[in-house]
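First, the structure itself, so that you have it in front of you.
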Amino acid sequence: MRHDGRQVNQLRPIEVRRQFTDSSPGSVYIKAGRTTLLCTASVDLEVPPWKKHEENPSGWVTAEYNMLPGSTSPRKRRDRTKVDGRSTEIQRLIGRSLRAVVDFQALGPRTITIDCDVLEADGGTRTLGITGGFIALVDALLWLRKQDPTCDIQKILVDTVAAVSVGICEGVPLLDLNYIEDSTAEVDLNVVMTGSGQFVEIQGTAEQRTFSHDQLQKQLALAGDGIVELTRIQRDIFGENWPLDQNPSS
Amino acid sequence: MRHDGRQVNQLRPIEVRRQFTDSSPGSVYIKAGRTTLLCTASVDLEVPPWKKHEENPSGWVTAEYNMLPGSTSPRKRRDRTKVDGRSTEIQRLIGRSLRAVVDFQALGPRTITIDCDVLEADGGTRTLGITGGFIALVDALLWLRKQDPTCDIQKILVDTVAAVSVGICEGVPLLDLNYIEDSTAEVDLNVVMTGSGQFVEIQGTAEQRTFSHDQLQKQLALAGDGIVELTRIQRDIFGENWPLDQNPSS
Amino acid sequence: MRHDGRQVNQLRPIEVRRQFTDSSPGSVYIKAGRTTLLCTASVDLEVPPWKKHEENPSGWVTAEYNMLPGSTSPRKRRDRTKVDGRSTEIQRLIGRSLRAVVDFQALGPRTITIDCDVLEADGGTRTLGITGGFIALVDALLWLRKQDPTCDIQKILVDTVAAVSVGICEGVPLLDLNYIEDSTAEVDLNVVMTGSGQFVEIQGTAEQRTFSHDQLQKQLALAGDGIVELTRIQRDIFGENWPLDQNPSS
Amino acid sequence: MRHDGRQVNQLRPIEVRRQFTDSSPGSVYIKAGRTTLLCTASVDLEVPPWKKHEENPSGWVTAEYNMLPGSTSPRKRRDRTKVDGRSTEIQRLIGRSLRAVVDFQALGPRTITIDCDVLEADGGTRTLGITGGFIALVDALLWLRKQDPTCDIQKILVDTVAAVSVGICEGVPLLDLNYIEDSTAEVDLNVVMTGSGQFVEIQGTAEQRTFSHDQLQKQLALAGDGIVELTRIQRDIFGENWPLDQNPSS
Amino acid sequence: MRHDGRQVNQLRPIEVRRQFTDSSPGSVYIKAGRTTLLCTASVDLEVPPWKKHEENPSGWVTAEYNMLPGSTSPRKRRDRTKVDGRSTEIQRLIGRSLRAVVDFQALGPRTITIDCDVLEADGGTRTLGITGGFIALVDALLWLRKQDPTCDIQKILVDTVAAVSVGICEGVPLLDLNYIEDSTAEVDLNVVMTGSGQFVEIQGTAEQRTFSHDQLQKQLALAGDGIVELTRIQRDIFGENWPLDQNPSS
Amino acid sequence: MRHDGRQVNQLRPIEVRRQFTDSSPGSVYIKAGRTTLLCTASVDLEVPPWKKHEENPSGWVTAEYNMLPGSTSPRKRRDRTKVDGRSTEIQRLIGRSLRAVVDFQALGPRTITIDCDVLEADGGTRTLGITGGFIALVDALLWLRKQDPTCDIQKILVDTVAAVSVGICEGVPLLDLNYIEDSTAEVDLNVVMTGSGQFVEIQGTAEQRTFSHDQLQKQLALAGDGIVELTRIQRDIFGENWPLDQNPSS
């Protein structure tokens, strides 16, 4: 059993609140254990400069990631003169992951920006940013459809997307590492998958020792189970407002 | 009556949650109408560099202010390569205001940083940052006292502090402007006062037309009433944990 | 009596030279005691980007503030990679104050930039920047009228503007603080007023102790007298070239 | 067959020159097809600041990555005011990969910096940076051993490391993508492995469509074969100066 | 005759005021025609970081150059986020030129910073910065000697230094170009020389056409005559306070 | 004889390889002794913004200079947040020197950027950048002529250009200083000349002692001989592809 009482294949308890603030079309408070993010989705009725010369300019989805100073102890200094390398890398991952399930022609000439601001960091902020960012993205599309009923969410979203970390601690593969586990893990693997069970992104790093082909397979299996559970949570939070007909994880 | 139904001398409804996150000694969610901030207080057991050469180095309190991108519509770009002038000005105000009620010798060689991150902006973010930041500061001191029972909060805090805006809209002085009121106000006055009724800071600006001595007096009176109410809210949220003996607003 | 021999309600001796350099339409050397500024006014026949889409684009007035390295001892480092917070705050104040007396429609599609460069700093640089910046602004308008006789200065300038600091030192309210007084003042209040006696901006800060309602009133009265004197000096330096018919301070 | 005539499982021809310049302990010119890098290794007899307080400070290996402007057409602008996100991400990957085979206690209080400057970019610059960077690292250790014969390279290097990209183009898994293949690949996977066949890092990204578990396995197999070949090249270039007894890939 | 009535070998009229401000040990207002600079000299009782480890740390002289926004029309933007290449190049030239006549061992562990701020620019700002900067340097040394009578100015200054520009306009070599001449010159040559007639720096640039050996010689002769005149002005402004016994230009 | 066995008037051995990489129209590896540069020339079919409003926009040539970290020992930090003053000064010199032999009307609306990246630095990098940069420029023009046969290289290039350093070490004038000579030279003079023997740029600096008129002449003579030799090397490397009819150095 793990130091917080979880099984090796158990996610942390997740709490999600949609419309947490009123200032953005999507505004999702998402908490997994003691990791908390505010994921907001803003809609800009422009396309990025490098798409403006397309004949029928398609849309774009981008992401930014930031840790609030009070999200860690000791306090994290703000990125005020440059963005640190880790933040850049994470926000590029979040953006790529969300774009993998969006059809930009169907979205039309709009840019959706997902801001993932970490209020409290206890491991897994980047994967929770993807899982929560997708919920904010859906809310932004629901908002768009209210403005413009021709906006066809089922065409825009080709699938759902969620992410989770797995790792090997003292030789044992574990699902959804918290900070203590993450900082002692021998291997750290972030897995981004669609609701239909396809891979979007795999990032595995040997933190303290290299890993074998067999260890890789065990971690991928654990991650797959976690993604199924997270996909269910994403759908359930919308209830009957869930805009995608098909049950994506079945 | 105002467009949101308030009286001219009525504050917006205020909601406060202490210990909103677990990652900082002070963590206060504060919402006034549709303006929402997360004010965290971090404690560093060091003094700033320019105090290190003092014989008995005293402490320091500083503040940072930031608007999250999703706090406004259209989305606000992050301050990632430089801090914009407005943010700098606001965080200097918040820091000065909180320092006005702290005895640095009594605090001892510690730096407390108050981070005011705006989750949702509908006017009055800087004054709410002072009001909420003070609550986070008290929580940080309660946390410090648990670590070190010799920490004497009644000596450290020489008073309480809160802030409110007043303005003149279409000739009528109003208390606690929201965004629509603020953007059409002829005069905008931010008032920072102690619980004992002294001024800490007055910042009045003629936005559209200059103002007379008489108009100034009327606004100061409105602000004074607002501060009394805010001081009461600050005390009530702590209940019996309120660490200051005297009732500061009476 | 004060350490430099002044009465509590006495301004420092002021020296003003117009057309100090030939390279700008307005170029004013202004010295109050040992505080010296060069205030230049440049005219750009463009409007700022955010006004370009107006149908009849109106003009704009903006200001920049900078201390030369040799203006203080020890030498002040140049702001070469970022502008420090204090400079930003001051130049925003100077810009707002000058804009308060300008009718932008009457000015037409032109941007006037007032640069306040401090050659020697002994307290009160921001208020002297406003007082001297207004003189440079008038000179720029006289220059504009030579280029374009339809330029109607009496419509463009709706009033005059000047500024002065007041403070409380050892309990005594004093007018026009120099550096030694400023650095020991318990309260520091900068007042910007028009020639007609209206307030443009009030910025009062408790530096060492908070201040009462009564102390505020005494300082405002001192400041009002100082502004009358400064307004007279502004008018006298132009002699018969003063472009405003009415005597603004009477 | 591929557009440059290679088999699906064939590496590009590789040319390596050690001691390409005399100004660094390690200086490796490495060219794979039309991708060319200069990998230099510099040795600093200091440890990074955050290791200085260790009792027996261990060493560190870090990397920087940069594309020369003329390495692409159109010319790439220099990173002169900030490092772009992609460069940051790549140099973090190269650094992590090299550190995975170094024993920092055995290295002792020294920092080795591997600079990977891309002279010509035709795909696969990051993986070639790891493969060539390892050769430069070995040369730096050989140089160190000349200075200090107690430097035990077999203890410092716990394994060898190399990297290669694989991808899926039009449904076919391919080894070692060049630029045209990379830009049309549906999936792009960078694999970093040791000479002993363990994983150091896996980074797989769905560029145009998501990928299945089966496709992942096929790519990993291709990559494994490529790494065996690259490891042999790394060893052969040193000939009898190869400082590691065991044949790492067998 | 030149467009401002000068002979080809005639300097512009020069006006110098020492102690222009009281805030720096050296403060020199220097005006040549319509080019005006404020050259201040500040003294820091520290040596630069890279000299701190010397056994008997010697001193240093450095310079900074800046054009005020109002010094040109149209207004020059401030260097607030980076220093432009031209300013960097000029301040490096001024620093090198002044250092050429200073004995750093005799100066002792002090850093003198010469700030050359251009109030009005009509050509020749860099050379006037050297000529005026030297006067400010002498004043700083006179100030130092008052603080510390052992400060031996005759040992510290091994010579005097001044600078002037020459150029070729329409084939005719001219001394001391103003802006109009400078911008139409075919060749532009800045010459820095000591009072004893030695070269410190020569910077010649073909602006519109290359130049021959003979043309170079004619310009050097003109410059030599100008330097003799400038050296005399430098000495005369000090009168009997001139701290160097020998008449440097004879 | 010099420490590397050269005569006082002898250049270092020079190796040149054209088309060193395939990614730029011009790509020249040039090595003089142990100073090595990669000079690439990129062609952009645009003119710089400040030329766009010309009726028949003419072209432009610009240069950038950079030292790779491994080009010196100890390693040189990258210019990643700002360009250091020395690099800026050098790249401005290289750009000016190349522009002196280009007819921009004949070039037409194109910008050619010469990147001089130093792979190994042992003195004389800026002059070798000019000499090698000119070769890259010629290759870019040959490439342009292939694209557009109307491109008339003999009109575009009005002359050839090369550069060399001379200096005075222990009183003896030397040609083409390497690093050890350069760092002990009393005087350092960089000379840029055309193939026809005209001066383009002269930059002489007294490093340790000032220099006389006679010393200047001796250095200029040495430099002239070096330029003749370098011009011959530039022509010979092209053989029969040399696009300029006249033999520029005879």
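Each chain gets a letter, A, B, C, D, E and F, in the order it is written, and its residues are counted from 1.
We adopt the following convention: a residue touches a chain if its C-beta (ideal position, glycine included) is under 8 Å from a C-beta of that chain, and two chains touch if they have at least 3 such contacts.
Each chain and its UniProt protein: A, B, C, D, E, F = Ribonuclease PH.
If you're wondering where the values come from, they're calculated on a predicted model, not measured in any experiment.
A.B. asks: Which chain is most remote from chain F in terms of Cα centres?
C.D. replies: Looking at centroid distances, B is the chain farthest away.
A.B. asks: Would you mind pulling out the distance in Å between where the CA atoms of chain B average out and where those of chain D do?
C.D. replies: Chain B and chain D have C-alpha centres separated by 52 Å.
A.B. asks: Can you check how far apart chain A and chain E are, centre to centre, with Cα atoms defining each centre and the answer in Å?
C.D. replies: Centre separation, chain A to chain E: 61 Å.
A.B. asks: Whole-Å distance, chain E centre to chain F centre, using C-alpha means?
C.D. replies: Chain E and chain F have C-alpha centres separated by 29 Å.
A.B. asks: Quick one: which residues in chain C touch 2 or more of the other chains?
C.D. replies: As it turns out, chain C has residues touching two or more other chains at 81-83.
A.B. asks: Chains as vertices, touching pairs as edges: which of line, ring, star, complete or other describes this one?
C.D. replies: The chain contacts form a single closed ring, each chain touching exactly two others.
A.B. asks: Round the ring, from chain A on through chain D, what is the full list of chains in order?
C.D. replies: A, D, F, E, C, B
A.B. asks: Touching residues of chain F toward chain E in the complex: what are they?
C.D. replies: For chain F paired with chain E, touching residues are 82-83, 85-86, 88-89, 91-92, 96, 100, 159, 189, 194, 198-206, 210-213, 216, 220.
A.B. asks: With touch defined as at the start, can you tell me which chain E residues reach chain C in the complex?
C.D. replies: Touching chain C: residues 20-24, 27, 34, 36, 38, 40-42, 44, 64, 66, 68-75, 78-83, 113, 115, 117, 119-122 of chain E.
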